[in-house]
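Alright, structures below, take your time with them.
One chain, subunit A, links the two complexes that follow: it is found with subunit B in the first and with subunit C in the second.
Now for the complex of A and B:
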């Protein structure tokens, strides 16, 4: 898997991680996300437009990125009720254009309940407040 | 009964991509839909990954995937020679829990269950057999 990263400026500073290839392992995504975090990134867009396939190991990587950003957040913690009702979406991690297969993996795991999914990087960047 | 089979005598993680491609094409060739092919690829990939990483502990080992049509059902039969492991006995995760409260991982078996109509396990003399069933898949594809 190849990952390209860059910064965007929206309402807050945003780091885009553009993934290319199947997401079937925790690496290299978690290492790249940790490096971005160490470099100050607190809001991340994962561009999945060139990710044909996501396995449970790939979901674990997304989970790790979510936790990385969540652990730095002192705001209100989500509850099972707020997630199930769709009222909670991560304010720090957004996804872009997962494939049909990727979307199926995300929805089967319930990740689509708390992660915003956008059609474009621009839309994802604009969604940060 | 129509069926298509792939066997790797020394399967490794690097072979997963080939197995996914075979599975998708086999389901479509046998008359299944794109959706059923996608579901089965996701489900079976999780099972094979478990076999390779945990059953064989990362060492090469035999894996056979047979896609077959039984009446209007599509069945994928996965056989291996790993130590006995019955995924149907694994407790399901609570996917409504916040991620903060969920353990990392544990989704593979959940995906196997959710993406099939039936998941059947049978211990073999020297390994395991796992059957993934999509009921009425051929009738659905023709509709």
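Now for the complex of A and C:
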């Protein structure tokens, strides 16, 4: 898996991680996300447009990135009720353009209940407040 | 490194291949700017940053390239041919020492990785043995119903679990769970063993599917260090009245095939993977099984089976099999699904465990 990263400026500083290839292992994504986090990134866009397949290890990687950003937020934490009712979506992690199979994996695992999924990087960047 | 201040510079765009595995190599490179991804047989092995050297092995052993390096961003490289390389080695001992140091570091790393790989391989085997020991030896015998199961382990990645629990104090109730741990090796197998034990305990205590999953989630989350997640679909069959009560924690929705209409419905019930959040809010649902109905429970190893072209068997592939004919038994349907997956994959390597469990409410004799 190749991961390219760059910074965008929206309402807040945003790091884009653009993934290419199947997301079938935890380490490449979490390593890059942790490096970005150590470099100050607190808002991340994962561009999944070139990810044909997300395995369970890939789902775990996305969850790890989500937790990394969530735990750094000292504000109100989500509850099961706020997620189930659709009142909560992560303010720090946004997904972009998952493939049909990727979207199926994310939806089955319930990730679309707490992560916003956008059609473009620009839309994801604009969604940060 | 001033040795290459006057050497030839090469500028390549992102995506360009600098060296290709298997091709003859008569040049080496020093990366001045940009980043390179290095792979062997398609697997990433290194990520090179400015200052890195590549292609030096071919300078010494005259063999073909051992890896492929692709520019992740626009790169600037210094290129040496063999004659210049040998000249530098002769003229500048510090250059030779630098190259030897790079090769020494890489050799040590390869040795460490080989030891790590062997340990992981051993752990995978142990984990697989534990996992297989957790699977049921057979299917429950319940008047008016038939159960059948198919399971196949993948070599590397896996973590499927299915189980039947028939409480001794309530033999007309069958608890059925199908699950997938997001991990491999001993940690995943132990995680699965604990989850299975908990579910047995909660089933025998009479907890509903949603409550049982909620309690498993609570237990998992008590161990904050655990990085593993578990998808699970838990159903309880009341065999006396043909009612299925179920809850889902991030697992593939089973297919309900109605005998009367031939229509298929998904047993929808939303829920997050177990372990993902501190609390799990179950969405418990029920459905009625009429005589002749089938329910197909499965893991993503079925729908995500791939053929040689990288295509997926997909939900459509599974649903096409389920509705392709009238099935006489649960066993027949399980065999047809496994056979269809094998035909589709056509010998392509199995990337994940796959499990399919079929429940049939038998038609009147």
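As a convention for this text, the second predicted complex is superposed on the first by the 129 of 129 C-alpha atoms of A that agree within 3 Å, B and C clash if a C-alpha of one lies under 4 Å from a C-alpha of the other, contacts with A are read in each partner's own complex, and residues count from 1 in each chain.
The rule is simple: a contact is a pair of C-beta atoms (placed from the backbone, for glycine too) under 8 Å apart; a residue touches a chain by one contact, two chains touch by 3 or more.
Predicted, not measured: the structure shown is a model, and the values here were computed from it.
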Three-chain arrangement built on subunit A, subunit B and subunit C clash or fit: clash
First, second, both or neither for A:63, with subunit B first and subunit C second: both
First (subunit B), second (subunit C), both or neither touched by A:28: second
Partner chain in contact with A:2 - subunit B first, subunit C second, else both or neither: second
Which of subunit B and subunit C A:109 touches, first, second, both or neither: both
Touching partner for A:53 - first (subunit B), second (subunit C), both, neither: both
Touching partner for A:127 - first (subunit B), second (subunit C), both, neither: neither
Partner chain(s) touched by A:101 [first = subunit B, second = subunit C, both, neither]: both
Segment of subunit C intruding into subunit B (one of 149-157, 167-175 or 203-211): 149-157
Shared contact residues on subunit A - subunit B and subunit C: 24, 53, 55-57, 59-60, 63-64, 78-80, 83-84, 101, 104-105, 108-110, 113-114
Subunit A to subunit B touching residues, read off their complex: 22, 24, 53, 55-57, 59-60, 63-64, 66-67, 70, 77-80, 83-84, 88, 100-101, 104-105, 108-110, 113-114
Complex interface listing, subunit C residues touching subunit A: 14, 37, 44, 70, 72-73, 157, 159, 180-183, 227-229, 231, 250-253, 270-273, 276-281, 283, 300, 303-304, 306, 310, 312, 314-315, 351-352
In the complex, subunit B residues that touch subunit A: 16-17, 20, 38-39, 41-42, 45-46, 49, 94-102, 104-105, 107-108, 110-111, 114-115
Subunit A to subunit C touching residues, read off their complex: 1-2, 4, 24, 28, 52-53, 55-57, 59-60, 63-64, 78-81, 83-84, 101, 104-105, 108-111, 113-114
